[in-house]
Every structure is written in C-alpha cells, then in structure tokens.
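Before any comments, here is the structure.
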Amino acid sequence: MNKIKVGVIGATGMVGQNYLRLLADHPWFEVTYVAASPRSAGRTYEEAVAGRWLMTDPLPEQYKDLIVGDAGDIDSAKGKCTVIFSAVSLDKEQVKELELAYAAAGFAVVSNNSAHRHTENVPMLIPEVNHAHVDIIPAQREFYGWDTGLLAVKPNCSLQSYVTPIHALREKGYQVDRMIITTLQAISGAGYPGVPSYDMLDNIVPYIGGEEEKSEEEPLKIFGTIEDGKFVYDNSIQISAHCNRVPVIDGHTACVSLGFKGEKPELDEILEIWENFKSLPQELDLPSAPRQPIIVRYEADRPQPRRDRDMDKAMAVSVGRLRECKVFDYRFVGLSHNTVRGAAGGAILMAELLVAKGYIK
Amino acid sequence: MNKIKVGVIGATGMVGQNYLRLLADHPWFEVTYVAASPRSAGRTYEEAVAGRWLMTDPLPEQYKDLIVGDAGDIDSAKGKCTVIFSAVSLDKEQVKELELAYAAAGFAVVSNNSAHRHTENVPMLIPEVNHAHVDIIPAQREFYGWDTGLLAVKPNCSLQSYVTPIHALREKGYQVDRMIITTLQAISGAGYPGVPSYDMLDNIVPYIGGEEEKSEEEPLKIFGTIEDGKFVYDNSIQISAHCNRVPVIDGHTACVSLGFKGEKPELDEILEIWENFKSLPQELDLPSAPRQPIIVRYEADRPQPRRDRDMDKAMAVSVGRLRECKVFDYRFVGLSHNTVRGAAGGAILMAELLVAKGYIK
Amino acid sequence: MNKIKVGVIGATGMVGQNYLRLLADHPWFEVTYVAASPRSAGRTYEEAVAGRWLMTDPLPEQYKDLIVGDAGDIDSAKGKCTVIFSAVSLDKEQVKELELAYAAAGFAVVSNNSAHRHTENVPMLIPEVNHAHVDIIPAQREFYGWDTGLLAVKPNCSLQSYVTPIHALREKGYQVDRMIITTLQAISGAGYPGVPSYDMLDNIVPYIGGEEEKSEEEPLKIFGTIEDGKFVYDNSIQISAHCNRVPVIDGHTACVSLGFKGEKPELDEILEIWENFKSLPQELDLPSAPRQPIIVRYEADRPQPRRDRDMDKAMAVSVGRLRECKVFDYRFVGLSHNTVRGAAGGAILMAELLVAKGYIK
Amino acid sequence: MNKIKVGVIGATGMVGQNYLRLLADHPWFEVTYVAASPRSAGRTYEEAVAGRWLMTDPLPEQYKDLIVGDAGDIDSAKGKCTVIFSAVSLDKEQVKELELAYAAAGFAVVSNNSAHRHTENVPMLIPEVNHAHVDIIPAQREFYGWDTGLLAVKPNCSLQSYVTPIHALREKGYQVDRMIITTLQAISGAGYPGVPSYDMLDNIVPYIGGEEEKSEEEPLKIFGTIEDGKFVYDNSIQISAHCNRVPVIDGHTACVSLGFKGEKPELDEILEIWENFKSLPQELDLPSAPRQPIIVRYEADRPQPRRDRDMDKAMAVSVGRLRECKVFDYRFVGLSHNTVRGAAGGAILMAELLVAKGYIK
C-alpha cells in the first residue's frame, strides 16, 4: 500500500514535533512536507530545530533533510502532500484564514488549533465519542465549494480526561446534566518555553488563560448533533471547570463530580460500562486507536500522571476513584496524556478515521 | 506579666517542632516542658531532634537543654506547665485516652490531633469562625468533673482555606447550602518522612487517606451550635471534597464551587464582605491573629502557594479568582498555610482565645 | 532455542521489579522463579506487590501467578532455575553468605548488591569495560569447590557515567591518573520510599551515605587485573568523588575533571575515540548491549537526565561538554540511567556475557 | 540621622525588586528614585510591576506611587538621589557607558551588572574579603575626573559560596593554589521568566552560559592587589568550574576540592578558622553584615539550599562536609543565597562599606 503523503505546518514547535515523532513509523501516513514560520523556511528541518528539539527520542533520521517550507505559502505544499496537520501558532483570525485556504486548495486539514473549533460546519472530534460528526464533510465541502479539501479539528487537551468516560455513560442512556471539574494540568500543555520554572517549583498556578471556557463549551459541541449541515450544541449539560497548572511534565488530571437527570447507574454498572467501552476506532482497528479507550484503575490512589499517562501508546484515558459524591451523584478522577491523546496523537487518530470513512484518499 | 507555662507533647515531630518554632518568642506563653515517645525521653531536646530538626530556622537556644519527658507519663508534666499543646501521633483510641487524662489532671489541652474532633462536648475551633464554641467549656468541665482542665481541638488543615470565607458570608445572612471543593495539598501536611519524592516529582497523587471525609464533615460541626452542653451539627450544607497531594512544600489550595439557598450576594458584595471581615481574635488583638483574616487577591492567577502562604505571619487566608460558576452560583480559589494556620499556629491562636476568655489562667 | 530459566531474589523491591520489567520479553532468559522476604513468601507475585508495583509499565501478565519463594530458603529455588539475579536487601554479612550459598548450590548468581564487590575472586563487571574479568570464574569455582555455581557482581550505579568513557581512553593507551568527579544522582537510586519529598522539593542533598567511597574505590578493581586467581587493583588512578542527591527521577549525571600521566590526547581525538568505541558486548551482539556504548552530544547543554537517560534502551552512556580544564587536562559531563544501565539492565547484560562465554549454560 | 537618598535603575526586574525589598526598612538608605526601560517610564512603580512583582513579600507601600524614570536618562535622576544601585539589563557596552555616565554625573554607582567587573580601576567587592579594594576610589576619581561619583561592582553570584571560605584560609597564611568546583545553581539566578519549567522538572541542565568563566576569573581579581591605581590579579590560583542549573528556587551550592601550596592546615584548624572568621563589615557593624560570615554545619548532609540559604538575613555562607580529598587536600560544600548575598544584598553591603569608609556621603 502506498502511504498517504502528509505535511505538518507549524512543524518546529512542540506540537509539531510531537506530530513528527508520532508519524515517524506510521503505517498509513508518510511525512513528505514540513512548514513553519518564514524565519525557518528554506533551512533543513534539522537546522531549523537545532538546539530546540524537545522530544526525548532523538530526531528521526527521515526528517533531517526535509526542507522547511513557509507555512503561509500554500503553493509550496502543493504536490507534496494531500493531508495537512496544522500546529500553527498565529493569532486566531490568521489561523482561520490560513486553514480555510489550505482546505480550499484541496488539502485535508486536520488541526490542533482552537481557531475553528466553533465554526458551524467544522467537526471537532474525539473519534471514540463523536465519529459520526465526520459525516458533516459533504455539507462542509458543498458550503465552501471544496472538492477534495476538508477541515476537521481537535478539541482542547483539558477535556480528554472526562469527555470519553461521560460519553460512555450517555451512550447507555444515562443523562449527565451537570459536572463540576477541577483540572491539574501538565506544563507541556503550555508549549516551550511555556511556564517559567520560577512559577512551578514549590508552587501551583490556579489559572490557565482561556482554558476554563474551552473546557466548559467544547463538550457541548462534541455531544451535539448535525442539523442542516451545521452543528447544534447539546445544552442539556452544565459544566463548570477550574483549571490549574501543576508541576507535572505530561498528563492532565481531572477531578470530576457529576450528576444525572432521570435514572442513574449504579457504581458497578459504571465501572462495567467503562471497562467494556469500545467505539468505531477500535472496531476499525485504526493504527493509533487504543485497544481499550478507558482503563479503570482500582487502587485507591490512581490514576497518577507519571504512572498512567503512557498507557496504550498514551492514547487511553485512565479513570479511578469512582465513588459517590456528597453533592451530585458520583465523583471520579480521569487522566489522559495531553500532548499525545490531547494533541498530536488525537489529531492523527482523527485523520485515520477520515481515511477509513473515505474522506481522505 | 508572668508568662503562662506551656508544654508540647509529641514535641519531636514536624507539628511539635512547628509549635516550638512559633512559641519561641511568644508574648504570653513560655515553653517549659516538652515530651515525646519513651525512646526520646530522658534526652535533651537538642539530642532528641539531632539530625531531624526540620524547620528552616535553627533550633532556638532556649529549647536545647530541656529534658524530654515521656508523653505517656502525665505525672512528669505536673508542676511544669498548665497548658498542653498536643501533637502526639498514636492510634486514635490512645490519643483520646491520653488527652482526656491530661485534662483530668488539670491541664488545658489544646490539640492538633483528630481523635476528639467529633467528641460531643469538645470544641473544634477556628477562632475567627466559631469562637463562641469555647463557651462549652463549663459544660465540658462539669460533665467530666474537671476543675482547671479542658480540651479543645483544631480542625483539619485541608479546610482552613474555605471555611473562613464561607463563614464570612453566612454571618451576613447568606446561606451557602452546597459546595464542591478540590484541594491541592502540600507535602508538609503528611509530616516527615511523609510522601516519597518518587511520588512527587513529575506527579500528583489524587488521594489522601481520610482527608475527604474530614473536609466534608468537620465544617458541619464548626458551623454548628451548642445545645444542652453538646454540639449540634449544621446539616444544611452539603460538601463534597476531592483531595490531592501536589509537589508543594507548604500551603493548601482549594478550588471551590458554592451555591446559596435563598438570596445570594452580588460578586462585589462578596469581595467587600471578605475585605472587611474581622472577628473576635482581631477585636481582642490576640498575638497570633492576622490583622486581616481574609486577603483578597485581584490578579488573574492568584493566590499561589509559594507566593501567598506566608501572608500576615502565615495566618491569613488568601482568596482570589471569585467568579460565577456555570453550575452553582460562584467559584473561587482559597489558600492557607497548612502547618501554621492549619496546624500549630491555629492551635496557638485557640489557646490565646482561651486565655482571653478566661478559661486558661 | 529453549530459554534459560532465571530467578530473581529480592523480587518485590524496586531493583527486583526492574529486573522483571526488563526480563519480560528477553530472548534468552525466562523468569521462572521469584523470591523475597518470608513476609511475601507463599503469595502470588501479584498479591505480593499489590499497591507497590513502581514501574510505569503495568505488571506483566506472566508474573502475576508466580508463587513467591522465601529468598533465604535456597532449596525452594532448586530445579526451578539455573541463574539467580540477586536484588536482596539485607545486611552485608547476610547477603555475603546467602549469595555464596546459592552459588554453592549450583546457581549462577548475578548480583546487584554491594556485599561481594571487593571479594577477591568475584568479578565486578561493566561488560564493555572489563569483560575479560569473567575469566576468573574457573579459579573462583576451583577455590570454592563449585561445579556449575558462580558469582559475579555489578558495580555501583554512580560510576557508570564515567568509567566507560575513561576506559575507552585507557584502551587507546592514554593513562588517566586523576579524576575529580561531582555526581548529581537521581532519587530512584535510593529505592522506594527512599528520599522524602520534603528533602527534594526546592532542594538538593549534598550527601549520599557510602556513595563517595564506592565511586572512588570500585573503578580501581574494574580497571585492575587478575593475578593468581585474584583481582589486583589498579592504584595508578586517584579519584575523588562528591555525591549529591538531586530532584531527578532517573539518570545520574557526573561532572568530571581528569588528568593524564604522560601523553594526552587532543580534544578531537577523544571525541573520535568515544564515538567509535565498541567492545565485546557489541561484537557478540548481546541482547541488552547498546549499539553504541558512548553517545557524544555536541549541544552546549547536554546531556540532561530527562532527555538522554533512555538512549538505546537506557543502556548507553551519554557524554557532552568535553572541554579543557583549568586545573587538570579535560572536563566533561557523563550521564547514564541508574536503574537500567546502573542496576538491573547492567546485571542482565553481565548474565548475557556469561552465557556467551559459556559460564552459564 | 537623615537617610542617604538612593535610586535603583533596572528597578522592575527581579534583581531590582530584590533591591527594593531589602531597602524597604534600611536604617541608612531611603529609596527616592526608581528607573527602568522607556516602556515603564512615566508610570507609577505599582503600575509598572502590576502582575510581575515576584517577591513573596507584598510590594511595600512606600514604592507604590514612585514615578518610574527612564534609566537611560541620567538627568531625570539628578537631585533625587546620590547613590545609584544598578540592576539594568542591557548589552554589555551599553551598560558600561551608562554606568560611567551616572558616575560622571556625580552618582555613587553600585552595580550588580557584569559589564565593569574587569575594568582595571573598578573594585569588584565581597566586603568581607577585599574591603581594602575600595581604596582605589581616589585613583578612580582622579583617572576619570569625577568629583563625588564612583563605580563599584559586585562579583557573580556563583562564587560567593567558596570565595569567602578560601579567603579566610588565605588570610591565615595558607596558600590555596588549585580548586575544582562544581556548582548546583538555583533558577532565580536566571531571572524571570528565566529557565523554562520544561527544563527543570525531573531534570538538571549541566550548563549556564558564561558562568564557568566568571567563576574562574573573578576570584583572581578579588584576591588581587592594587598597584598604581589598577588591579593586579592573583594568578597563583588555578580554578576550574563546572556550573549546573538545578531545580532549586534560591541558593547556590558548590562542591569544592582544593589544594595548598606549601604548608596546609589540619581539618580542625580549618573549622576553627571558619568559625572565628570576622572581617571589617562585622567590626563596623554594617547593617547588612551577617554576624558570622561563615556558618559551619556539622551534620553529614548539610548545607542544603532550602534549609540553609536564609541564615543570618540570607547573608551568611554555610559550609559543611569538610573532609580530605583523594586527589587534592580537602573537600567541602559551600552554600549562599544567590539573590541576597550573591546579588542585591551583597551590593547593599558594598554601599554600606562605601559609606563607612567615607566614599559615599
């Protein structure tokens, strides 16, 4: 099988590097193009990231000699790839335009950026949760007049720890209608250089700009439906999020209290639902799909970020401490790897889904 | 004025050391007795803590030559002091008996231990909140047949960050009836050696044994009333706590969502109530009382443990990020110093209150 | 090929767990026996480590149902395995006796413990450095009257970062005769619970009991020779070590100043020697041997523990910052993974060497 | 006594903030002027540091309404103060010019910047070590044609932990002629935002740009002499430094091996020399002078940064672990607070010395 040629724009930043790391041995995709800011353009990728390759694995050989393109120059990508993974870091309006322009030029754009998350005909995907949302693509193409182009985005890293477990319960007919969530988020979520060490030694920072709004609003679209080629949000859930930065390298933890409207499941039933949860990515055996999307921990003090973030290629969500809540119905702790499941890995899984569904060829 | 002679039992552990550090220059109290386990008894205090003095200030000269008594031998304290600060670390039943025995022997016992927190005629005090609870002492003395003896205890360190702010609102007539709280607690709360560094580097632990129950139940007694010489809990509030251990030396942070029954105050009014809150310890100008019990921070990212824990002798509670909650009414972040306000400092303030009210002479 | 049956004694501690983790998919060895203290004996391995499995990978399925033996009872190992990996944690004399007793019973004992490191006919091996020392085994067997039994030990984890680079220079004829070394050692070297977090947040501890002596004395045996069936130490090198504990999970860093007697190599030559260094484990293609034992980093600020410790299965030594020394001849920074290269991984490589040389069958 | 009016230029950065914090209650000095970059000029100091006041103590009231001047505009300081504490952060040549211009304008300039450290007639002072170097001021004034102006600078923070202990030995006639030093330096030395947390969690960085050269060269001037109005360096000592960044907030630790030429003291004598060391700042009872400049720790594992950095107003050097060296004569560990003793506090002590010696009036 010929691999599908993919490009990474914003390839020199931390998310871009994670894309390259995760795509290095991908069975379906082959990175044939990288682009970044004009400052890096024209240099080899090895030169462009000299002294700022942040991954613990060494820079894979295959990328060293790729010539970095200018991410703003769409023509330079033409003919080199059919998929664009976007990790660009520009202001919101610039990203919006740029990603639309790539799609208009025929590329399948899969983005980690927040700019288009609330665009009405752009799916925001957690493949295990709302894979059906990819079926907006025909309407999207029609609306914009695109042929092969498409645009799909990934939600914020902060919510991956609890949206899948909540979805598993919804799918069984249990209506979660309120959630209060406190996240303890890893520093890699802020990129590099990111959070100063002066703020993270013997300290936590109880604030991450924009993060609480994303954590509260994005799930409503993910849980939403498509009507007339547009997303309709599910406003039956109220979510309140407290987001904290803590001295952890990778892995976002969430302490979740949740309540149900109508019938609620028993504790044991919840555990069983989570243990047995599978979705389309597992059925399709997508390369980046975890075999078990939700891993239940039964120890009193798990999940913990350093010990559980890497489970199943760092794509599984670990949950634990399920117990009754004194105010709502239940409480639990969820954990997921923010730069893999919550960023580049999640986006690659989305692209795999788009391939499997025939939208990327 | 002659200082009141006080003893510290459990004097060699971390809480005991904090008592000694904070009492070193106290205007009312003078440490004339220290006791610990039989293993330490008979040695000078300097010998007993050689290699395990954990405070950053050096061991005060005045304690070096005190001969350590056996905390289990009440006779050895007699004649040496009238107040006993208890920081003993034994099993719950042993502590219960021991503290009662000290009180029966005529000592005013002020304890940091959890054993008697729910004893029906023992006050559990945050002096700014429920100072009126000390007036159970006459009934306590009558019940046990004590003359000068008394027993008063301090609540858990985890709840100091939010109980005072909530109290300030209750005092103005606003009925908080539900709270969901997530704490990010410092390692010093676990004593020494306490939490292994292997669990606290690049990690958090989403569990602290017994801490959630304490955080949920103790406020109900603190907010309660005295009837017939016993405490009646205020069950009108429902509290759910998620307690986490994080890599911070000192200072417990709490992310709080709260709801009101009946009328609720405006945001501005809450800030004004907190800014202006004073209580009896401030009116009496007790030596360990912070001038302003609640300090409001207006920066987006405060309070933070390393930056705010030491405010006003580490006895003030810092609050910030007051904002609306998407599920309840409001949200805020509270912070207090767990080993000072939440342990030894809080207990010393209690003892000062007991002196001011005439129960310790 | 039938795999060689191996046992791990001290299997429940951190080093023992590392052995099991690294042996889980070993092409030559199969763990068929585990033993620990009498407290664990009789339980399944899964029960014995419940709540204290410290590895980030989950407990491999194959170990869960192994019944834990009593490490002190040699008979219980008989017939179950031919190699014993020792990670026991007892007092020195007990370990000495126990390891000799296993060897006397016919087992090939490969130990991580320090007890026999200076026993005159026991080889202390870094396979890339002194593989020739295994040839003391016939003399050892003759001396003790052992048939199939043997005893070989691993040196301390602190010296792995610099002994191999120094050896590579010695091998080319350059006589290093003085070294002053400061190590910055990871907390995993202290086992679990090990170093309290109270000592490791916002702090370093400039002392590790016994570590400086080991770092100074063990290289002299490793660089020594065999005469009359005994090791003669190489006393031509003087080593001074300063050992510090720092808040790093895994990976010991060493800052090394070194001087030569007689001719000294140029900077470029040293780099070339290191880049090209290979030894017997590489020639024999032993399963745990790194392809390149010494990896040279050319960035100004490398090696760094989190970024470089895992290179080549965590078995390679990373070196960098080679430059002239103002007092001796040169300076460099060395780094190696203390629980893999410096403990269980190094011991497994030793066992592979003993197999390849025919001493284990 | 009327206080001497002082200004702080570079007042909004971390070092500038430390100056202000330490000068808030100074008995001799009163801050009457602050200046920073043109961007901050014209605003109140409170506005200028809003959201970036990094000290744990709150911003002292007295500074809030000071109008920030433009540090590049010397005229704006005129008439407002007679001493300028320089914490400017510009390129080296700009700093050189600016500091000379302030001195030419009549200000006594006391600088923390490295630009003039090797200017031949500018003293680089550790007041306990080379207080006699202030007597170059008359020659300096004559050379530049300054009347009341003067320029004195502070050495780098990395060397404060060992230069005073070595000086104490030199003063007794013992000639240290070689030192190999490894420093473990705190992150506050890099200012704010400084070192990314991504580099400092579960990691150390074995490199700090320019730091090793400073650590090796600056002591030679400090130990030097004045001849013909210029400093002559003491080249009889060879120093080699390995500088590392470690996850510690404040406090630089140094592991030191040292050798003597000629007679060497006994271990006990060294300890006695250190214990009894006093110098001119102590004799003059300067306000910022520690009572005991060198504090000897006898515990096996001290000094440690978090526990010892704050000794005696954070102005004392703590030493410990004195023992023989296997290669040189002795080894020890030294520690000092980098932002107090090693920066603002050291500079204030210099200014006090200049007052006491009559050079600042």
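For the reader, a short list of remarks on this structure follows.
The chains carry the letters A, B, C and D, assigned in the order they are written, with residues numbered from 1 in each.
FYI, a contact is a pair of C-beta atoms (placed from the backbone, for glycine too) under 8 Å apart; a residue touches a chain by one contact, two chains touch by 3 or more.
Predicted model only: the values in this text are computed from it and were never measured.
Shared contact partners of chain C and chain D comprise A, B.
Judged by contacting C-beta pairs, the busier of the interfaces B-D and A-D is A-D.
Look at the CA centroids: the one farthest from the centroid of chain B belongs to C. Note on chain placement: the centre of chain A and the centre of chain B lie 43 Å apart, centres being C-alpha means. One inter-chain figure worth recording: chain A and chain D are separated by 48 Å, centre to centre, where each centre is the mean of the chain's CA atoms. Centre-to-centre separation between chain B and chain D, using Cα means, comes to 41 Å.
Multi-chain contact residues of chain B, defined as those touching 2 or more other chains: 199, 201-202, 247-249, 300, 306-307.
Chain B contributes residues 178-180, 182, 184, 199, 201-207, 209, 216, 238-242, 244, 246-249, 253, 255, 257, 300-307, 320-321, 325-328, 331, 333 to its touches with chain A in the complex. Here chain B touches chain C in the complex through residues 54, 187-188, 192-202, 247-249, going by the rule given at the top.
Contacts from chain A toward chain C in the complex involve residues 51, 56, 58, 201-202, 249, 299, 306-307, 310-311.
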